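In the two assemblies presented below, chain A is common to both, partnered first by chain B and then by chain C.
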Partner chain A sequence: MRLKELTVLDIDRAAMLQERLHQPGTRLGLITSIDGAQLITLILHTVSGEAELWHTPLQSNRYQSLTPHIAQAHWQERSVWDMFGLFPVGHPRLKHNLLHQAFRESFFPLVPGALEDSAFPHRSHTPMKVSGSGIYEVPVGPIHAGIIEPGHFRFSCLGEVVYNLEIRLGYLHRGVEKRIVETPLSKQRFIAEAVASDSAVAYALAHATAIEDLCDIEVPDRALYLRSLALEVERVAMHISDLGGLAGDIGYLGVAATLSRLRGVALQMGELICGSRLMRGFVCPGGVLLDPDNHLLQLQTLTAQLQNKILSPLNALLSNQVAIDRLDKIGRVSRRLAADFGLTGPTARASDLVYDVRQHFPHGIYPQVSLAVNSESGGDVLSRTKVRIAEVKSSLNIIQSFIDSMPAGSVFRNLPRDLPANSFGIGVVESHRGELIHMACTDEFGKLKRYAIKDASVNNWTALAIAVRSNLLADFPLCNKSFALSYGGHDL
Partner chain B sequence: MSSIATWSSYLLTVIIFPPLCLGVVRKTKARLQNRVGPAVWQPFFDLHRLTKKRETLSDTMCGVFRLSTVVGLSTTFALAWFIPWVPIKPWSPHADIFTVIYLFALERFFTLLGAMDSGSAFGAFGASRDVTLNLLVEPALCLALVSLSIIANSTDLGAIFSFSHFSTVSLVWFCAGTSIFLTSLAELGRMPVDDPTTHLELTMIHEAMTLEASARNLFLLEFTRMLKLTLFLALSAQCYLRIWAGFATLAPFQQELLVLIGVLLMAIFVGILESLVVKLQWRKVPEFVAYIVTVSLISVFVAMAGNTSL
Partner chain C sequence: MLKLLAYLLKENVVTIKEIPPTLPAETRSLPKLTEKECAPQCETCRDLCPTNAISIYSDEGIKRNVDIDLSACINCSLCISQCPTGTIVRNDTVKTARSQLSELILSTATSSDLVTSIKVSETDNIFGRSIACRVVSTGCSACDLEISACTNPIFDMERFGISIVASPRFADVLLVTGPVPRSMHEALKSCYMAMSEPRKVVAVGTCACSGGVHRDGYTEANGVAAVLPVDLFIPGCPPHPWSIVEGLLRLMHGKSTDSR
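Let's turn to the complex of A and B:
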């Protein structure tokens, strides 16, 4: 990806970013730092497929917060505070995102030399209080009833209606970003794809794309096709799984059971491609690890079968009037809020924001292969369901066309032994949740010094908090499921 | 029939039938989802397992919680004693319909107390939802029973469901049976009002109240619920059977057999229904209840028109 590097002073940052974001097709990608002495702001241009990287050198550990002007910065600025101790002045609601009571207040894990034992720690946490007569709080989690990841939700309700939802994450913080930097290049991909195993391909692909971008090498065409093939298979499997979960939440058990069975078929497709149902260890920097040539015909048959079988449960879901009523107008996110908070993926497309990374940024064979973006305008659970259904269908079609037009050739190319010094590599991938950004940065010896990851969920978690306001408490699980957010991808 | 045979037949039905009914519902649902599903007698094993577990009580609980589960089951057994839900019963006391309705209310009251005693937010809002729901559903049940008492010229359930007489008004029996059946779905937290299989605490109505129960307490709660389901299904099955005028002329053991088969068929029907419908949004539940009340009202009007003595 073509990267334009600029130095932007802290004092100009907010105004310049505001001006940039007014231009059509400009998105705020990533806000982070390398070692706590500067801020890095990544801006994506969807029209030209380029990116801008702003360096903001900092003299102290305080900087002007962007949040008052650019709402979507609020979450990332909290994470930067947690990881680097950089304090955003003027942030309307600063709280710890990732680190909890178990860490000292002065513990900043990504500042060099910071890791040490923290005895007798205590971090305060003050959830937002809603006051008024009859308001009560319902705490849910971090341990949930199903086999899902941990997260704490605190609802302030009046009767059955939710007035505020306070989301607390970070229970899965594993120090992924630091661990990747400490790992030899050849093994990094294993950590990268284990961040959120339900999007193993997307993570491995973003990592591979970032490293290849850093080395500035081209990957053989066949590898690009195979990568996109794996990415689409993963999207199909996860969307089917999410749709099945949604059907289960409204008690439509027949559809839920059928979809959970068909998810197995999609995972079987993954197994055909690389021998692993979740396609772990397939995509690697330089290409893919093996060529599933012998299985492509079988894959084509299986895809055709799935295309055939998936129609009846999906139609059953969309033709049942009670099911439609159940999903309609619940958990709405307006187009404006979706744009302000930088939502991505099916969530954004359900709110009429036509943004799909596959159209704009190079990863796999995209954006060379043209693709219709499925969007809806309702912004509610029904719209998100419809977008997912449309994407399952279109992804299955794309899979067929990939197999048909797969070029011959090798599937792997060796990387140079050493990474270039002082450079940046960016990988932007459309995972099944949306825009996934990986950024790799090397020091003057060509050693990786910072690896940053931004999952689609980082922005989309805010959408959940917006969506449940003035909805019924009993509808929260449905809203939550419709966003299909990642805890592991967020907590890193 | 000898009294020993009567007693043993009654005790068998009241102990064996409730878990069996639930097993049939679950099996039907599993088959409709293309799953093999657990055997129909799985609920017996579940109950047995619960009796052997050690119970965990929340710190905030006082004695009310354990009392509530005991009172709940005893009240329901008393109801099974009063209500003529099977033809062969060792003793049929005078069971005024209002006594019965209040006994149901008493059982519910103690379940609610137990839920709130546990001190969890889920128990409290489960209780709140349950009360709201029952407030809506109660008129439907009352009206259905009243319509039957109009054609029987008595408020004694024993006389209403007397198994020996009757020139019958089929439409009333049909409407009342339907109304009692639909009421039981709402009352017992089954679809489309509540999803008994969900694990999502926030969406629960009845389950939310039982979250804090474990071991023997849960055993008592579960059995209470199964028994209530069986009572309701048996009442509505009888209503449907009475559409056929010849039912009253059968011998008691034939009637008993028919009623029990009817209950199992109703359980299968519950299973089919739960696989086909989608859980209603909480705001739409009053609409569903309005349909039940309408059916009850039709039943009352037809009964009043059909009863020549009024």
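Let's turn to the complex of A and C:
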């Protein structure tokens, strides 16, 4: 990816970014730091497929918060505070995001030489209070009732209606970004894909794309096709699983059971591609692990089978008036808020924001092979359901066309022995949740010094808080499922 | 609704009747060791292993031995595909669960019995013919997806008496996935304390067994055993649904699934 690097002073940063984001096709990608002595701002240009990287040198541990001007910065600035101790001055609602009570206030793990100092108290956390007569709070989690990752939700309700949802994450913080930097290059991919295994291909692909971008090498065409093939199989499997979950949440168990069974077909396709149902370890920097050549025919048959069999349950879902009534106008996110908070993936597309990374940034064979973007305008659970259904169908079609048009050739090329010094590599991938960004950065010896990851959920978690406002508390599981958010991808 | 019913009837029963003893041929699996001797000076497997689960050492300067710690193995299968001598091969059994971490260490130094067969610890059958499991996820969700798959119509573990429940209060078994990072220590302990006795803890997946790729980091994500007493370890990244079902059945009956 063509990367334009420039230095932007802290004092100009907010105004300049506001001006950039007004240009059509410009997205705020990533806000982070390398070692706490600077801020890094990554801006993506969807029209040109290029990116801008702003270096903002800092004299102290304080900087001007972007959040009062650019709402979507709010979540990332909290994480930068936890990881680097950089304090955003003027942040309207600063609270800990990745690290809380278990960690001491003095500990900033991504600052070199960071240690916990027992003279400091543990981090504290005060949830937002909604007051007034009749307002009560419902705390949920971190451990939930189903088979799902941990996170804490605190609802402030009046009667059955939710006034505010306070989301508190970070329970899954495993220190992945630091661990990747400590690990030799050839083994980093295993850590990258262990961040959130429901998007293992997307994570491995974003990692591989970032490393290849860093080394500036091209990967054989066949490998690119196979990567996209795997990415779409993963999308199909996860969308089917999420749709099944939605059907289960509204009590439509025939559809839920059928979809959980059909998801098995998608997993079987993954198993044919590389031996792993979740396609772990398939994508690696330089290409893919192996060539599933002798399984491609069988893969084609399975895809056709799935295309055929999935229509009945999906039609059953969308043609049932009771089901439609349960999904329609629930958990609305308006187009304006979706844009302000930088939502991505099916969530954004259901709110009429037509943005799909597959059309803009290189990963796998995209954007060389283009596909139509499925969008809806309702912004509610029904729209998100419809977008997912459309994507299952379009992904299955494109899987067929990938197999038909798969070029011959090798599937791997060796990486150069050493990484270039003082360079950046960016990988942007459309995971089933949306835009996933990986950024790798090397020091003057060509050693990796920072690896940053931004999952689609980082922005999309805000959408959940927006969606449940003024909805019934009982509709929360439905809203939550319709966003299919990742806890692990957010917490890293 | 009737259309859906007609469709379901046409689809027939998809549930697989018996637990197959081995995984399908295309499925990637954990490794096992054979009696074939290692090539001199070859350290390919050790160098490739992403989690340093393999150690190679000389036995009094004569025989080279290989140890594989399955509790750290993420079944990437690189060691299997690159082993030049066939010392490390595919281990296609579904019976991978063990009650002790030490039983998960395979070694060419010990007899081949331990290498290929499974020691089953006989305990009293305390749960009768059903167990209720509470799942606490502390990881990447791969193992959660596979536990969910166990409940789908294909694997359908509920027919064996294993059900997933929504509260620790009425659970017999705590299934923990993920490496249990520091922020989850308190929550996990309180969940365990909320269970009535007798209760069992199962570590599902390599992260839960040992911390996996996250071990020894600043968040102390070193597996379940660092926080709670564990009764069964099911390695794999993630373990195959059949391995999970088979392990839980063995825990439930307190004996091998063979003699069930």
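FYI, the second predicted complex is superposed on the first by the 485 of 492 C-alpha atoms of A that agree within 3 Å, B and C clash if a C-alpha of one lies under 4 Å from a C-alpha of the other, contacts with A are read in each partner's own complex, and residues count from 1 in each chain.
Criterion: a residue touches a chain if its C-beta (ideal position, glycine included) is under 8 Å from a C-beta of that chain, and two chains touch if they have at least 3 such contacts.
Treat the numbers as computed from the prediction; the structure is a model and nothing was measured.
Engineer: After the superposition on A, what does A:Ala474 contact: first (chain B), second (chain C), both or neither?
Structural biologist: A:Ala474 contacts chain B only, not chain C.
Engineer: Just chain B (first), just chain C (second), both, or neither: which does A:Val138 touch?
Structural biologist: In the superposed model, A:Val138 contacts chain B only, not chain C.
Engineer: Now for A:Gly146: first (chain B), second (chain C), both, or neither, which partner does it touch?
Structural biologist: both
Engineer: May I ask you to decide whether A:Glu19 touches chain B, chain C, both, or neither, giving the answer as first, second, both or neither?
Structural biologist: neither
Engineer: Quick check on the superposed pair: does A:Asp293 touch chain B, chain C, both, or neither? Answer first, second, both or neither.
Structural biologist: neither
Engineer: Output check: A:Leu253 vs chain B and chain C. Expected answer is one of first, second, both, neither. What do you get?
Structural biologist: first
Engineer: Looking only at contacts as defined up top, I'd like to know whether chain B or chain C touches more of chain A.
Structural biologist: Counted on chain A, the partner with more touching residues turns out to be C.
Engineer: Is A:Pro109 contacted by the first partner chain B, the second partner chain C, both or neither?
Structural biologist: Only chain C; A:Pro109 stays clear of chain B.
Engineer: Looking at A:Ala196, would you say it contacts chain B, chain C, both, or neither? Reply first, second, both or neither.
Structural biologist: A:Ala196 contacts chain C only, not chain B.
Engineer: Could you say whether A:Arg261 touches chain B, chain C, both of them, or neither, answering first, second, both or neither?
Structural biologist: So A:Arg261 meets both chain B and chain C here.
Engineer: Which chain A residues are contacted by chain C in one complex and by chain B in the other?
Structural biologist: Chain A residues touching both partners: 145-146, 254, 257-258, 261, 320.
Engineer: Given the complex with chain A, which residues does chain C contribute to the contact?
Structural biologist: 1, 3-5, 7-8, 11, 14, 24, 26-28, 50-51, 74-78, 135-142, 144-149, 152-154, 164, 166-167, 178-179, 181-188, 191, 207, 212-214, 217-219, 221, 237-238, 240
Engineer: Once bound in the complex, which stretches of chain A touch chain C?
Structural biologist: 99-103, 107, 109, 114, 142-143, 145-150, 170-176, 178-179, 187, 190-191, 194-198, 200, 241, 254-255, 257-258, 260-261, 263-264, 267, 271-272, 274-278, 280-281, 295, 309, 312-313, 315-316, 320, 486-488
Engineer: Report the residues of chain B in contact with chain A in the complex, numbered from low to high.
Structural biologist: Touching chain A from chain B are residues 29, 32-35, 121-122, 125, 129, 191-192, 195, 197-203, 274-284.
Engineer: Write out the stretch or stretches of chain A touching chain B in their complex.
Structural biologist: Listed in rising order, the residues of chain A that touch chain B are 136-140, 145-146, 160, 249-254, 256-258, 261, 320, 322-323, 325-326, 330, 472-478.
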